[in-house]
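The following pair of complexes shares a single chain, chain A, combined with chain B in the former and chain C in the latter.
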Partner chain A sequence: MNLLVLLKMVPDIVEELEVAPDGKSLDTSFLRTIINERDDHALEQALLLKERHGGTVTVLALDAPDIDDTLFAALAKGADRAVKITDAPEGMTTQTAARLCSQVIAGLPPADLILTGVQALDDLDGLSAAVIAQQLGFPYIGVVTAVTVNGSTATVLKEFAGGVRGEFAVTLPAVLGVQAAEKPPRYVPVAKVRAAMKSSKIETVPAPAEVAAAQIEVRQLAKPVVSSHAEMLEGSPEEIADKLVQLLAQRGLL
Partner chain B sequence: MPVIADEANEITLENLWNTPEGHRVLSCMQCGMCAGTCPYGDVMEYPPRRIIGMLKAGELDAVLRSQSLLSCVTCYACMNKCPRGIRLTEVLLPLVKEQTFMQLTELPAELQKALENTDRYGNPLGESPRKRADWVKTSKVPVRILPADRKPTDVLWFVECYTAYHPRGQDNCRATARLFHALGVDFAILGHEEKCAGECARLAGETGLYEKLTDYTMKLFGKYRFRRLVTSGAHAYDTFIHQYKPRGLSQEVDHTVTFFARHLDQLKPKLKKKLSYTVTYHDPCALSRHNGLYEEPRQLLAAIPGVRLVEMEHHRENSICCGGGGGGMWLDTYYKMKGYERLSERRIKEALATGADVLAVACPYEVSRFEDALKTVGGDKKMIVRDVVELLAESLEE
Partner chain C sequence: MTSPLWILAETWRGQITETTLELLALGREVADQLRVPLEAVLFADKSLATSLGVADHVLCAAGVEPTPEAVAAALAQLVKERQPQAVLVPWTNLSMDAGALAAAKLNAPFVNGSKDLKADAGRLVAQCLVYGGKLEAAVAATVTPVLFGVLPGTRSADAGRSEKTPAITEVAVAVPETKVKFQRFLEPETGDVDITQQDVLVAVGRGIQQQDNLELAEGLAKLLGGAVCGSRPVIDQGWLPLSRQVGKSGMSVKPKLYLMLGVSGAPEHIEGMKNAQLIVAINTDAAAPIFNVAHYGINADLFEVVPVLTEKLQAAKGG
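On to the complex of A and B.
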């Protein structure tokens, strides 16, 4: 079974984020990027499926700073092939990037399952997997927390609010937006990553020339403004109740 | 006497029998001193004695599968007691532990996070590398940060992770800075350029990460001119002596305890404030059993006016590990789930039994480990935990 996993780098929020002077983007001078946590879970789920059913895992990513480290770590964990899309336009929205990736995926060997994180913390758009499924004409299920494959179908657990879970059967090939793998992403010893760097290669694919861009632009990026404060009412319960009535009356709420 | 593990890196499990250390292992008479003194010897499926037996029998795979070595807190007790002088904690156990680590399909979650953090951010706590020297803003005395002011320094102070980031570790930092200042020492720190010295990654079995960190730190040391390296980390001190020196570290190395003990004549007249404490001292494994530093911390404590020193039942070479070494710092949940007693709790009960009101320590792991243990055994109203440098600084005249 052929599994394809899409990985993306997002800002590492261990450092405080700052807005760049243009007021529309992040200041990248101290910014480091890290694999999107949900994508790391998508990779783990693919590796678990490979361990159960055999086959291959291919990881695919847009070129980005530090992406090579992430791809080599994926190879060290057990992925078979790493592909990097080069020369993609900068500042693409999630949906444009998903269309671009769909074109690249169409040129790769057919995959039975395409997995990626259900969303990423940089825009919380949550549409990558859905757009890819729509572009390739495959079914899509998001917020996935477990996958069982049986022949040409997969049984997928999907998480809903309030702890409710739904079990879905989906015909392969399909696209899954992974919320969490069945197990936490595995550790890969540094020695194995270094060995992968020596023994494996990252393949590159040029980005397709024509991609329909989404009609969204960022106009302003700003930190939340602290504008409210808490006022503690003190005194006996009766006094506090009186003050509370006064306050509510002043604000026209009584 | 400390044993220098200068050949440790050249020994592998494959070539072991062709090395002098392998010959020593063959001389094992299965007396069981190692297993008897091991703090987890009673709960490990394969304690050190059985590991040697299995190794001789060519049955090491069973040991690796058992994950027994995850319970090795690298306290040097077995090595210290071995009548044949087998360098268990320096050579054999790390080799077995490394193989155990490489074969693990799933790491205990806290250990995994600590190792990932150490690799990515240079500290196991997962704190911002840019904030490593933020504690300096709260120091009462000036602290020079080398990347900002590169002129040569007499003492390069390697602060280490828990000292730099943990709120109680930062108390240690402020105290150390005051002591340096009181002695007129020319000192500086590496600021945000400093990363973990790596010893606990090595002894957790993550030798690849250790190599990465030593490569980084050795290059960093090469960037600056300094005469002496002083560290607050007991494990950092241990690894600078036994691992970095064979890799080319040429400067003299001190732990804060040895540095201040050598300056005791100058320091003592400044220790004017009487501290009416009864103090018991916990020997940290890396300083005591592995490097023979039993007297220096006790000399420092005895120099503080008003301090009365009492010993625990197990002290000096018989001291019981706090459980934080060899990755144990991040395996408390794992041990608890296995039903093991936490070693920090076993130790704190001994400390409480002395009736002392202060437990003095000299390793940055121990402050949080023992403060937590005091709470879990219900002793936090009876005893406080202080690093030796904190007590010295408290006794300095304001």
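On to the complex of A and C.
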């Protein structure tokens, strides 16, 4: 089966995020980006399916800083083909970018299953997988945590609240928004990524000339204005531990 | 513009959800600001419409399968026919994909993760959590209609309850044969600790770094007479079972003490623990959103604090 996985770079939120002087966008001057965690799970799920059923995994991404590293890492993990969309306008909304990706996908060999993260940290306008499904006329389901394929049907698990999951039968080809793969994303040693850089190539496809207009405007981006903040316990680890033990004793929690 | 404001009512196993009531309360405020009617769309039996009395009007259609495909098709059809200016959709696992798909079908914007919404010069502006809650964006749509994905907890569910009975209109929707079929529910595994019943929970997040370090949390939980739970990344890594997950996809908990080790406080996690009686968070990132939710914060390395804390708790319990 042919599997297609969309990958996206997002800011690493372990780092401090700064707002640009325009007050509406992220300051990218010192921004460290990483693969969107849910996309990493989508890739893992695709690799698991390939191991079970055979076939190929193609990874597709919009050009972005450090995207080559991410694509080579995907090849090192077992993807067969990496495609990068170049010359797309910057600052596209999620829906605009997804529409653009759909046009590119339509020009690639047909996929039985398209997987991507159910959402990305920087999504403000919709969910990519839903838009791609709509554009291609494929069925869609999101918040997926397991996929089994049997002929032309995929059985997927979708997470609800309270630990309850729902089982759905989905007719292929389909688009899935992945919450988590069945296993944690595999680790790939740097040496293998370097080997992939030598042995394989990233293909490039130019972005379609026509791009849909954004339908949202960001009026302001800012750190949350908080109505409350934790009372901070400070000092050496010793002092902090003393304060905390005292607090728990006062509250009758010991 | 006098076109109505809509909310998509959500049902879970035959009941209207709390989030729906919260959306009704928020929707009522916003509709009053805009001076337009508030209407609820309900894809379920009309007997449930009576609990949506905060709305002026309920549009009800039964027989829509509970799949994103079917709900999105039905919602998109009604939006096209009746032209509301905006639809508030629960930003929950249950409804987010139906909402996003409906927006895609309508070629309409879908504003994700709205934690508040207000009218500004006749236009709706949402306050949205982005980057795992580290930043907030004020977002407006440039076209109508617009769909807003509204986070749980924006208003109290009680403010969404009313004795009034709304006007109910049964509407017909033609949902085409969909290619996603619901099969069955899988219940959470039982036999493990029920974290919703614990007085004390020690929660671990990404900051715990590796599975072996969970011992630290286990030790604390044992001393405090509680159990260990985790945020999404810890569950995804397989370090704790699904039954221990707190948050949007996991459990909602209200322990007497929620002690957090290396949990940054993504909105999805906060949803499940914000009602804990005492929240104490240890995190190395001074800007971690959890410090806006916790009652007490410790901006330090958990690997330095927890061993000392464990010793002192042992001493306090023994003494």
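Keep this in mind: the second predicted complex is superposed on the first by the 222 of 254 C-alpha atoms of A that agree within 3 Å, B and C clash if a C-alpha of one lies under 4 Å from a C-alpha of the other, contacts with A are read in each partner's own complex, and residues count from 1 in each chain.
The definition used in the following text is that contacts are C-beta pairs under 8 Å (C-beta built on N, C-alpha and C of every residue); 3 or more make two chains touch, one makes a residue touch a chain.
Computed from a prediction, not measured in an experiment: that's the story for all the values here.
When the two complexes are overlaid on their common chain A, residue A:30 makes contact with chain B while staying clear of chain C.
Legend: residue contacts after superposition of the two complexes on their common chain; A:163 is shown touching chain C, with no touch to chain B.
Once the two complexes are overlaid on the shared chain, A:194 sits against chain B while remaining clear of chain C. Within the superposed three-chain model, A:143 lies in touch with chain C and out of touch with chain B [touch as defined at top].
Contact with both chain B and chain C is seen for A:184 once the two complexes are overlaid on the shared chain.
Contacts of A:237 after superposition on the shared chain: chain C is touched, whereas chain B is not. One of chain B and chain C touches more residues of chain A, and that partner is C. By the document's definition of touching, neither partner reaches A:107: not chain B, not chain C. Legend: residue contacts after superposition of the two complexes on their common chain; A:21 is shown touching neither chain B nor chain C. 14, 16, 183-184 are the residues of chain A that lie in the contact sets of both chain B and chain C, per the superposition on chain A. Across the interface of their complex, chain B is touched by residues 12, 14-16, 30, 34, 183-184, 186-187, 189-194 of chain A. Note for the complex: chain C touches chain A at residues 12, 67-69, 72, 92-94, 96-97, 100-101, 103-105, 108-113, 125, 128-143, 146, 178-189, 200, 224, 232-233, 235-238, 242-243, 245, 248-252, 256-257, 264, 278-281, 285, 287, 289-300, 304-305, 308-309, 311-313, 316-317.
Note for the complex: chain B touches chain A at residues 101-102, 104-107, 109, 112, 115-116, 119-121, 126-128, 130, 206-209, 211-212. Of all residues in chain A, only 10-11, 13-14, 16-17, 19, 26, 37, 41, 93-95, 118-119, 121-127, 129-131, 133-135, 138-143, 155, 157-171, 174, 177, 179-180, 183-184, 214-226, 228-234, 237-238, 240-242, 244-245, 247-249, 251, 253-254 touch chain C in the complex they form.
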